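What follows is chain A paired twice: with chain B in the first complex and chain C in the second.
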Partner chain A sequence: MTDYTLAIDNLVVERGSRRIVDGLSLSLAPGEIYALLGGNGAGKSTTLFAILGFLPVSSGTLTVCGHSPAASPDAVRASVAYLPENVALYDHLTARENVDYFLKVADCTRSRADIEQAFASVSLAEAAWDQRAGRFSKGMRQKTAIALALLRNTPLLLLDEPTSGLDPAAAADFHGLLEALSARGVSILMVTHDLLGAADTADRIGLIAGGRIANEWRAQASGPRFDLNTLHDGFAGVK
Partner chain B sequence: MNRSLIIAAAELRLILRSRLALVGVVTLLLLSAIAAVTSAVQMAETAQARAQAQIETDEQFKAQPNRHPHRMVHYGTYALRPVGPLAAFDPGVDSFTGTVVFLEGHRQNSATFGAARESSDLLRFGQLTPAFVLQTLAPLLLIFLGFATIARERERGSLRALAAHGASARSILGGKAMALGVVALLALAPALVALGWAALRQPHEGGIALLIALAYAGYLAAWVLGIVAVSGIARTSQGALIALIAAWALIVVLVPRAAAGIAGVADPLPSRVDTELAIAADLRRIGDSHNPDDPHFAAFKAETLKKYGVTRTEDLPFNYRGYMAQEGERITSQLFKDYAARADAIRARQSGWLGWAGVLSPALSVRDASMVGAATDLMTHTAFMNAAEAYRFDLVQRLNGLQATAVSGADDAARSKDPLADRRTRISADFWKTMPEFEFNAPSPAARVTVMVPSLLLLGLWIALAFGVLGLAARRMERHGA
Partner chain C sequence: MVPITAFRPVWDPPSDLAFAALGNRDIAPAILRVRSLSLEAQLYENESANPELSLAGRFDLVFITIYIAPLVLIALLHDVWSGEREAGRLFMLSSLPRARRRLWTVRIAVRIAGVLAALLIPFAVGAILAGTALPRVLAFGGLITLACLFWSAVILLVARRGASSVVNAATLASIWFALTLVVPAAANLVINASVPVPDGAELARENREFVHGAWDRPREQTMDAFLALYPQHVAGSALPPTFHYKWYFAFQHLGDLHVADQSRAYRDGIAGRAAYARAAGWLLPPAGIAQAMTALAGTDVTAQLEFQQRIRAYHTRLREYYYDYLFSERPFDVSILANVPRFAPADDDDAGAH
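And then the complex of A and B:
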């Protein structure tokens, strides 16, 4: 169990009287990319919030690197980098100041050179490093946030609709970055509507419906990674 | 570094980089500094003017020519309330109660020359003093600077980002409160300088100046904690702003006005006219010293004649007119004291009502503590009026005594018909120089501290309440994943 970066077993999360996640189980090995697909209200984002400890777990087990969010929220958050759909940067701070601020909050010490290297590795234009984030496009915000995740060097990365609003080139760059992170051993759980993007990057794709994994596909070692028709049919079938 | 400190530093950087927030902070600082300087200059001028006027009025009294002592009783003199060293910080009721009392025989006059009565109606809306800025304007500007401190982050999603980076709700709330606290301290700084300056000039006031500073620090701390808590609880910035403005209007404007109104209705103070009519009626009932057939004074005369074993007032070893004037003044003064004591009791009960209203409004508590500490409250005014009355009574009785001992009864009786007798009743002007001068010392710092205690305790209660609401905000943020 503890070999997994993320281990979820029979998870139930309720919001008020509504059961949003209902018996969800999944696990991520180090370096694995898992794409969680599903319709609106299927429980994707709720699962991410439960992992982060933002929502209490009603029943089942959930651990990140062996820590439960309820019992050890600090340990869990130290192990997770989270990119929301709309990356929340401070508009009055520059990219460098934003990253520096969040790193300080996360109690991570990184040098100026480390930060610049991270920016370079996510292809954030040098001119943007000391520009206030208020002028950034969505892609630049994503890159800044990914740079932050790289700098935090956490074993688990949670992504909520990471490519929505990105142009195809930026989305392709982004997937390249994820593969690089995966190669470094970072486990990635990605919540998305982007079937093609998921098929391009993920090692496994899970289809969530009614708060649980309704179907799951594993990437093929040879040939096309996934049968897109099967994925499409599966996705259309539960929508 | 502590997470709260990191968040506080970021919040301060936001204030520095936001033009609107910066304008707010600078406005607050300017208002506070201008209030401290103008109030200090104004009160220094007032203090000097009153001290000078007291000297001049004393000199005029002593410079009177040879006169009949009873003429001097009616000539009278003035008592001016001196300005304390901390009045520049908080003039309190000084502008409304009057500062000068005309002291004469047979009458107890009200204080006159209150600044609010002498100047335009605008003064009634509040002078720009450090106390007014801190009690009324500082909370409002803190609201404008802080209402969105957390609600804005919630709306933008950065609150969850902070939480995802390990910042707990408590550290976020703590950091935001620290940043707003720095702004509050900036607002407090000019006032602290003004208080420190006053304490340097009058070292015995140093302790109480510090206590006033602590009371204001506590008051602003309660606002800072409350603002951050509401911002943490509200779903939107707009909701937080509406809630906080409503709280400001209630705490700073409505409750103090309503409490004063309710206290006035529940325990009304008779008007000056009603009181004077009642005193006149009582005087008629007790006796008229100018009426030879008055039963009280007829009895008094009979008793005096019997005491000295004579049958006519002309045979008494003193001037009976002066002796009777002393008795008349004793009676009227006792009446004045009784009525004043009744009015003081009503005012004390009204102050009690207002004190308890501090449970509903920390603005009332800090205002009370501030005025008491600065010796500009109603208690100090009452002490001044009592001192003025005691001085008036003593002065008039000394003059009546001179009439009884230094003026012959025969000359006194004949002076309206005989110019020579009239001249002989005019005693030496040297007597006026022996009369004591009016002096008033405000209640001691120790006495004022004792009176301040309930207000300070209520402020402590408000700070505790604000911490409680902050705790609720923390729990709510944790429950909803920030």
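And then the complex of A and C:
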């Protein structure tokens, strides 16, 4: 039996009288990258918020490394690094100071060398390490946040629209980073509209509609990873 | 004979907490001069605000705690969560383990502690200089803390709803305006309308008119009424055909008795309003805490009425001392002036007041 980093079974999440997530099931093995695609309001971000324990689960089961967000929110959050669509840092602090602050809040202690190594591994230019984050581009802020995730060494990374607003080169850089993290055993759940980016990086792509997985594709071991026409038709059909 | 009508000082010494809670001391006279003539007019002829103090307003620690500190707390706490949400960091911060304890609790506690320190440290310095007893320092400090915690709870309840910083600030400013100004003012109007209090100046006028009218009344009428109250002085009550202070003192006292009911109604009215205000304080915590602070400092209406009762008791001792001299027809002796009762704030009570 596989020890899943993230295991969701028949999840239902409601906001008021509206059922946003309705019977969603998915699981992520260590090192797996899962791209969750869907239209606006399909329940993608709500799923991420349920995983983080920000929204209560109405029914179904949801565990991260065996912990339920409702019963053990801190244990779940200790296992998860979350990157919102627009990573925001403290503008008046440098990249190093930002990472240091977030680590302190997360009760992690890392040396200066560890932080520099994390910055180097996400290809954040050395000149930016001690530069105030107010001057950073979106890509630089994402790299800083990924460095933070590396330093926290969490087994699960949740990404909400990570490549929206990135230029193609920065998006390619970012996907390279995700692959490096995956190689280290980090499971990644990525909510995105970027079909091509997902096809480049993900091991599985799930199409969410009406609050549940309507279709799912697995990357092929040889040849093109995904049939883009199939993905496109599936996506367009649901939308 | 002039010295027997000389003014004597009476005063209500400030308590060891009066420096922090002026209460009514800026409008109710704490130092008066009274003489052995009719008292009531003397009490109320001073019933006007000190214009210099009124101009500045009552700017004491109670004012700062009840009116200013909430605004500072609102400024510091209204955007604890909304500020981070608007900056785009809220969910990333909240996704960190133990963020509630290590981040939000610490941030909130530091901000509240800063406001408390700004209030409590100057208060502690003042208390040391004033030699305030430790239990009273702790009680007053507790009330300051209670006021800050009340407002912090209100602010955090509003801030937690998830509205924007602007909406939070506007909502909290409205709540502050309602709780500290509008509702207490409305409650005050209702209480004043419900509990009528005779006008102090009217009481003084009535007293004076009666006293001055005595010059036109038969002297026997005055002396009979007075001696009914002081039968022990009947033996020495014979009046010469000319003016005598026995008669003069008699109609002065009868002047007080003439307005006794109004005076009691005035005191009862003031005390009644204070009782209603205390009851309203349970529904309006800021007003209730302010009342508790002035009560603890001995500067509230109750303390003012108690001071008046001490003056009445002293005035009774003073005039009865002179009655003994006047009605015994003893020749004047300087020892009579030397032994005139002196006001002692802590000793005089209303036990002997007529």
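What we mean here is this: the second predicted complex is superposed on the first by the 237 of 239 C-alpha atoms of A that agree within 3 Å, B and C clash if a C-alpha of one lies under 4 Å from a C-alpha of the other, contacts with A are read in each partner's own complex, and residues count from 1 in each chain.
In the analysis below, contacts are C-beta pairs under 8 Å (C-beta built on N, C-alpha and C of every residue); 3 or more make two chains touch, one makes a residue touch a chain.
Predicted model, so just to flag it, every value in this text is computed and none were measured.
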| item | value |
| --- | --- |
| Overlay on chain A: chain C relative to chain B, clash or fit | clash |
| Partner chain in contact with A:Arg110 - chain B first, chain C second, else both or neither | neither |
| Which superposed partner A:Phe102 touches (first chain B, second chain C, both, neither) | both |
| Partner chain(s) touched by A:Leu55 [first = chain B, second = chain C, both, neither] | first |
| Which superposed partner A:Asn86 touches (first chain B, second chain C, both, neither) | both |
| Identified clashing stretch of chain B versus chain C [38-46, 236-244, 308-316 or 416-424] | 236-244 |
| Interface residues of chain A shared between complexes with chain B and chain C | 49, 52, 54, 74, 77-78, 80-82, 84, 86, 88-90, 102, 104-107 |
| Residue numbers on chain B that touch chain A, as the complex places them | 1, 3, 6-7, 10, 13-14, 17-18, 156-158, 160-168, 480-482 |
| Footprint of chain A on chain C - complex, ascending | 87-89, 91-99, 102-103 |
| Residue ranges of chain A touching chain B (in the complex, touch as defined) | 49, 52-55, 73-74, 77-78, 80-82, 84, 86, 88-90, 92-93, 101-102, 104-107 |
| Chain A residues touching chain C - in the complex, by the definition given at the top | 49, 52, 54, 74-75, 77-78, 80-84, 86-90, 102, 104-107, 145, 158 |
